């Protein structure tokens, strides 16, 4: 097993995040086809290891995550990143709900990504093998990536994202299509990443997953923030009627 | 039916005698069409990649133009090139008319739009799938294009095969700019046309059978390579 | 491999290859196999490689006018004279002759080819015209003119213009049982006659004279003038004339040499 500090480059010491939220979203609006998908979103994220974005279908979770990732521009409002010791330099990696993999071997997918992240040619293969090991995929190295099982594919995209040595890892329902065993493997990977200082923002529908991983919950309803609370408070005594109904499994109309 | 039997016999006879003229004609056909397809790929792959994944003004009109150019009539291409290459034309001093080079040029003009259009389609489909991934990786356009072309490499053999088929089969362009000169610019298709005009229909059909066999062989070989390579590197 | 290298060399540097001449000629002389017989002899004697582009007389003259040829060998006297008087060619020389014939499903008894065509027109029998401004086509039109008939009014009906070469037109005639005008050499060497026969032959109006012209270096500085003149001298000289006379199919000569001394 690789030493954690070798695997993920994370120079930043842990600051007092409550005072220096790394992701600050202010007055965010996003329109699609004349309708607001996101409205007046103001939130500080990345305050804890894992922030979960929850909410019913169509609440705007994925759109918010994509804006944070830089995929698209809001109609108004700002998203600012500030790592206290390196305010300009930060890396964001995004894992999609459905794995997007190149038509190459698992290993080649990683070396390709590492090339984009600026890893020199001589070090790429060794680094890729470390990542495969981290994802428990060493024996799958030379298999075409798209021939891997669904769980293996998602683990591969996850370690590919970690190959960027991100400060912030964005996950869009990474386990929604996976069986429990694969889900457990992904969650273990997420926890190992956070243990090394990576901040995670996770969009999920899975209340159990949010309970297991998240420290704070941002709850969206109809494109608006209905509630943003620490996880224990959110699950035990939700303050918003929308979140309460969602947790009870009821439809809030 | 008698005609076909005779044609088959004529073809076999030519092949088994290793007829020197036949070998020369087949060799020139492969040389001309091979060079034309190679040139068409050198131009058509980057052009197709730009059309498929690029974002620039005039992309759509250009794409329409390239797609339409897939149906360029060989005779028109041959005639246009004749007027350019004729000693009375602007490129006359190059003295390329009635040379294999002129034939290669003509077929390149015919094949390039096919390679470019098919490449554009393949790259556009892949680009759609990879767009968000590329964006999160912050990849430059050139790096994106290289990745798309490499990942589309098996599908791109279709572009090469379609181009090769067009080049090997066309007669209208090469007969005008090549002149069907014996031992200089005579290829399979112009030889078939000549034998037909001599009324030697069995021989013409026999040559046609040989051309068809060549074409089949090239297709089978490329698709075999593709299938083998695909097993090794892609699911 | 050697041939490939040779080809590439030819491809790369045709500009300096002055050891060959380009002959713009008619399909009849090529299809009859005359060139296969004649040209190796010419090359052996002179060391010049002759290259033949065989198209209709109209297109051959047009190509030569564009300087895309060193020598013209065709069979349409009026067009040849016009070519020379326009300054495109140096001088026209008789080379050889044979004759035109009308072929078709039946023989026709008539006093003249014009009368034969008249009977075809009156009975509205299917007749194919080359319709391509070739030497054969212009002769056909001259014969209709003699008969005082304008067949083009019936174009698409019994009179059909193929717009194709002699061989292609003969293939169509064989396929549909039509009449057409052709030169005798092409007919004798044509391998797909089906049920067609010679319908009419043997009249002074059917004489088919071939002429040779070197393209003028004044008009086209790029031509291989020395090579062209060598060819003209050879084919109108003793060697060439004897070679033409010696070319026979089943013992019968296809062309009769008649160059002036």
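Labels for the chains are A, B and C, by order of writing; each one numbers its residues from 1.
Convention: a residue touches a chain if its C-beta (ideal position, glycine included) is under 8 Å from a C-beta of that chain, and two chains touch if they have at least 3 such contacts.
Since this is a predicted model, take the numbers as computed values, not measurements.
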Central subunit by CA centre of mass proxy: B
Chain-chain pair with the highest tally of contacting C-beta pairs: B-C
Chain located farthest away, centre of chain A as origin (C-alpha): C
Whole-Å separation of chain centres (CA-atom averages), chain A against chain B: 48
Distance between the centres, which are taken as Cα means, of chain C and chain B, whole angstrom: 34
Distance from chain C to chain A - Cα centre to Cα centre, in angstrom: 81
In the complex, chain C residues that touch chain B: 3-4, 7, 10-12, 14-15, 22, 27, 30-31, 51-54, 63, 65-68, 165-168, 170-171, 174, 189-193, 220, 222
Chain C-facing residues of chain B, complex: 24, 27-28, 31, 86-89, 92-101, 104, 179-182, 184, 194, 196-201
Touching residues on chain A, where the partner in the complex is chain B: 66, 69-71, 92-94, 96, 100, 102-105, 108, 112-113, 116-117, 143-148, 164
Chain A contact footprint on chain B (complex, rising order): 129-130, 132-133, 135-139, 143, 147, 150-151, 154, 233-235
